[in-house]
Amino acid sequence: MDNSLQYLEIGFYGSAIILILVGLYGALMKKSLIKIVIGLSIIDAGLHLLMISIGYIKNGTAPIFSGEDFVVAGNMVDPVVQALVLTAIVIGFGVTAVALSLVIRLYRHHGTLKIDEIKNLKW
Amino acid sequence: MKKVIVLLLLAAFGYYLAATFFYIDFGISHFTNGVRDYYLAHTVNGLSVANTVTSIVVSFRGFDTLGEVTVLFLAASALGSILYKRRHKYEERVVLFPSSRIVQAGSKLLFPAIILLGVYVFIHGHLSPGGGFQGGTIIATGFLLMLLAYQDYHVSHNILSIVESMAGILFVTFGLLGFIGGGTFLENFLPVGELGDLFSGGVVPIIYILVGFKVGAELTGVIYTVLNEKDI
Amino acid sequence: MVGSPVLFIAIPLLAAFIIPLLGMIWKESVRILPGLVLVYLLTLSINLLGYVLDNGPIIEIIAGWTPPWGINLVFSAFSGFLVTLMLFLGLLVWIYSYRFKRNVDFEPAKKYFILLMMLITGSVGIVLTGDIFNQFVFIEIVGISAYALTAFYTGRDSAEASFKYLIMGSLSAGFLLLAIVILYSQLGTLNMADIARNIHTVKPVYKITALIFFIVGLGIEAEMFPLNGWAPDVYSQAPGPVGAAFAGIVVKSGVYAIIRIVYTIFDIEGAFDFLVIIGLITLLFAETAAIKQIRMKRMLAYSSIGQMGLVLVAFGIGTEAGVFAALFLMFNHAIIKSLLFYAGSYLVFNSKEKYINDVSGLGKSMPITSFLFALGAFAIVGLPPFAGFWSKLYFLIAAADSGMIMIIALILIVSIVEIVYYFRVVNKIYFSKKEAHVVPQRPTFNALFSMIVLGLIVIIIGFFPDLITGILHDASRDLMDKTDYINNVLSITH
Amino acid sequence: MTYIEYIEYIAFFFMILGIVFSAYRFLKGPTAGDRTVALDTLTTIMVAGLVLLAYVFQRFIYVDVALVYGVLGFIGVIVIARYLEGAL
Amino acid sequence: MREVLEIIGGIFILIGSIFLFLGALGIVRMPDVYNRLQAGTKATTLGGMSLILGVGLLEPDWIFKAIILVLFIGFSNPISSHALARAMYKRGRFPILGKGENMDAYREVYDKNKEEEVKS
Amino acid sequence: MIGAAIYAILSKDILYAVIATGVISLILSGLFYLLQAPDVALTEAAIGVALTTIIFIITIRNTVRFEDEHDKKEHIKTIEK
Amino acid sequence: MENTSSVNRVAAFILNWLFLMILWLAFTSSLAIQELLVGVFTTALISIFTTKLFSCCDISILSPVKIFYIIYYLFVFLFALIKSNFDVARRVISPSLPINPGIVKFETKLTTEYAKMVLANSITLTPGTLSIDIIDNTFYIHWIDVQTTNPEEAFTEIAESFEKILLKIF
């Protein structure tokens, strides 16, 4: 069991950081508003992965004391980050929904999604 | 040119992040006397809740959850206010034409099962993975399936908003009931019961069930609002 | 004890959940209930503030878990003062907007008042909470209500401003989350006092990284220099009272969060210099931008950013006198900028483009509004008989005590710039020919009432500054005393 | 290593290969339908994989996740299909 | 008894994983959406079912949940692939046809619908 | 997952990008599961797979599917081919 | 008439309740008294709200004959499923891709919606076929290896064995 997961462990931080960077690139460079929102949600995904991997403990188990096989608390992974990520995911969903409704409004008003053409206010 | 600059900046930022985080070793515990061990010890002894994540979300950091529920509530309100149109008819068709008979029959059969799954997830939030948010989301997704499959399926807006408000009010009221006997906000005032039983954990499962109802109603409302949004 | 600080959060939430239900039965209640809640909270906070000034801070624990395990709220002299100020301004915003746009439908009105109440509640929560992740949640509450309120009017370019705000807001939330997770991974706790107690054990590299991320994340709310691109657009596109609420309430909570991070949690000396530098940059940038503006609300917005830069500089001085001056500046800014926004938004009420030129010659047709605007303008640039004078004076004294002569010179130059652009407006109001196409709009009774209250406060504080300095001294002492904060929070028992 | 562990390794190997193939189809795939097929396949493979992982971890309660996963993945595919149909 | 169950479960898992792999291979190799759906649906459905059943056999306590999952997969997978196939046809992605006459019986329905759409 | 993320950012067709976000959250929740966080995996699956997808898709329906007109023409060409 | 419909509704309610209760038992996998109590309560509540939708079959489905046919159907179906998988495996692995795809149609004698759905699902999972649409009684089937385009022959080839049993169940 240990060996099969060992190779995966190396990549967690790396993939989280790459996700953050890819999302940032999307949010900063893309022209389409929806792409920007997608970039934001990718940043969120990377952050959540980063947080969870910080809380991981090798050979740990989930912080649930299940009835049939009572597990000792010693080798449980960190429950706090999990609770934080739970909160963060729900909040991120709320923000995404609001952002997309704003995108719809902007499209109604301007008839385009390109950020270059929406500049009544100076960007 | 701008692209190159941004890419370079991003690379620098990524290097910085990587340099910071790779020193935080993966897979070991980084601190000795954090709050984690207290939580793990007291979730069984103090609250008799099996799922530590649930006990943290609902009891130790219950205030966060209140805020989080509020965020969803605000998001639903914000959607309503941003997309508001004066001549808004709720009788408007949600989808253009009904889906095929197979999908209709299938979703009819699956709908009760999905709702039951959602209810199961939030009732057992303190025993197994899951809880109010997840259960509420599953319920909302079940409604989404029905809304997609049928052309004339309607969810009453008033009922949704009543369920949502009642769940929220009860949540805060349960919090305020914690003041009974000189306690604090959101304090557990019920007997905690035996670990692993369904009726255990004092107010934790009750609050999570309320959260489930609230999130389910809110997200269904969000889906409904968005589905009705159409250029005329 | 007269009440519990947790009511500041619980009661508005309860009201927010009740409002949709009551609104089905009695439509007017959606406008009245938020006001009642705010009145109640204001009395509560005044009572608590009186109690706190005599007996020391109130630490409220939640869910029966003592810090650092549970979340706690801290109502000290410093936070209590800010909360009272915010609630007072919030009440005025409510009065002002009670009949703002009479023709607004029921549904938007309901949402407007819920969102406004939650904006105020979220800001109060940011100030009260003693837990960094809880602060993040409240920041998101403020954020979402702010996005929605900015985009409230469908006609203008408000969605664009709101979208801009949203992008920056969620990027900054990401940075905040990163900072929180770095601190958590090192210390295993999220409580501010606990972090402050153990921060010296953290390696400097993590400390600095976390601090930078925190400041970047919170700088959005506080309108710090590179992150304030949203502010002018938002102020100019949001409804008038909402702009006042941003300037008076949201920004204050952002500054509070930064100050709490820098003063209490971290023990890095360089952070103060950093605040001074960034404050100065913000100030210079904003004032130079403000003088170029041709639109009323954008000018006010840049002026507001400049004031926040000034506040940051004052906090960056790092002495008790500096903190005192900063608090006084914040108080004045909150009062006066709200007044300017209220009056200004009526001056350009019927003008489509909201140019400054459109206010020409309105002094005759709108005497009270014009007078109040002029009063605010005189006060904010720091002319002697008004409130702004004292705060600038205290600020200069504090800076001189710390030997920052260059800064004094810079601030004086900037003040002259301020005088130029504010007096330009006042000059237009009184001594220019009236433009034909602008129709003056009489303020409603509510609006007039709240403006006059603010104007009276400006004058009274100007003549009797001692009314407020006592509280401010207590508050600044409270902020400076870090060990006391840690001990108070961590020694609380159930 | 026991007999079951060998089986697990082989199963994981095949599943990862399956994930790689469907990812290839997802990235390649000329139309939206192909991508959605890849998503559907991926969901099924993941559900099976989650159940197998639950067995590896020896935690019964983990199966809940797989259950929820199956339900929601199905609805996600229906959503995309309804959009492609032009019904939304 | 336990050993027998283990052996049977192991075989089920093996078969399941091989079919999952074949399904994925199928969606790579097949030439158009409909054929990919054919391969994807059938192989992954049986693969997932047998793998989950195998795990259920290995751990007899889990068998009920495993059966529910199996039923669910068997029920929902064909529905979703049917919905997808119909959607693709309605979008006008006609299948690759083999040799023979009158191979596309659904085309007439599609054309009729299109005509009605044009009229209205 | 990273491939899907890069694809989501680079693809010209926003619908494909949306499906890619579905794949991202699918694999992400698998990783959460590997990291022994079933609660989070459940949440991510519940929110990421269906709800986010529907909201994005409705946005696409109410706006446009492509980043610019040129891409749309290309797309139609490939369909007709 | 009124009477029978209300009887039907009660029957549907009981069936729905039973169905959900079985699901609940499987979800919890426990017979603790608290779980059962809560389960009975919640499933009753849910079935009250969803009975209107849940109309797949009347109460007679619980009769032993029909249950026997259901089990028999399951066996036939499983056999077909396994056969179809080996068929797919053969096609996928063989390098030349032996396919000859096309769409055929045929009529069915089934009347109820659910029977059609089950038939369509079974067709999708049996060798080389994928149901694309049902319009009234006509099935449109994508066939990976078309042997005949004649509706009757296609029917005997694809669906006859299932339909025989389904007619007995519904």
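Labels for the chains are A, B, C, D, E, F and G, by order of writing; each one numbers its residues from 1.
What we mean here is this: a residue touches a chain if its C-beta (ideal position, glycine included) is under 8 Å from a C-beta of that chain, and two chains touch if they have at least 3 such contacts.
Note that the structure is predicted; figures quoted are calculated from it, not measured.
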Touching both subunit C and subunit D we find A, B
Hopping along touching chains only, can you work out the least number of steps from subunit D to subunit F?
1
Most distant chain from subunit E by Cα centroid:
C
Relative to subunit A, the most remote chain by C-alpha centroid is chain G
Inter-centroid spacing, subunit F versus subunit C (mean Cα positions, whole Å):
38
Between subunit A and subunit E, what's the gap in Å when you average each chain's C-alpha atoms?
31
Starting from the mean Cα coordinates of subunit E and subunit G, work out the distance between those two points in Å.
15
Please report how many Å separate the Cα centroid of subunit D from that of subunit G, as a whole number.
23
Touching two or more other chains in subunit A are residues 12, 18, 20, 25, 50, 53-54, 56, 61-62, 64, 66, 68, 80, 82, 86-87, 90-91, 93-95, 97-98, 102-105
Junction residues of subunit G, two or more chains touched
23, 27, 29, 117, 120-121, 131, 133
Residues touching two or more other chains, restricted to subunit B: which are they?
17, 24, 30, 34-36, 39, 51, 53, 61, 64, 68, 71, 74-75, 78, 82, 99-100, 102-103, 106, 109-110, 117, 121, 127-130, 133-134, 138, 141, 144, 222, 226-227, 229, 231
Touching residues of subunit D toward subunit E in the complex: what are they?
3-4, 7-8, 10-15, 17-22, 24-25, 31, 33-34, 36-38, 40-41, 44-45, 47-48, 51-52, 54-55, 60, 63, 66-67, 70-71, 74, 77-78, 80-82, 84-86
Which part of subunit A faces subunit F closely enough to touch in the complex?
5, 8, 12, 15, 18-19, 22-23, 25-26, 30-32, 34-35, 37-39, 41-42, 45, 48-49, 52-53, 55-56, 60-62, 64, 77, 82, 85-86, 89-90, 93, 96-97, 100, 103-104, 107, 112-114
Mind pulling up the subunit D residues that touch subunit B in the complex?
61-62, 64-65, 67-68, 71-72, 75, 78-79, 82, 85-88
Write out the stretch or stretches of subunit C touching subunit A in their complex.
133, 137, 140, 143-144, 147-148, 151, 154, 157, 159-164, 166-167, 169-171, 173-174, 177-178, 180-181, 184-185, 188, 190, 229, 233, 236-237
Quick check: in the complex, which residue numbers of subunit B touch subunit C?
16-17, 20, 23-24, 30-36, 38-39, 42, 59-64, 66-68, 70-71, 73-75, 77-78, 80-82, 84, 86, 158, 161-162, 164-166, 168-169, 172-173, 175-176, 178-179, 183-188
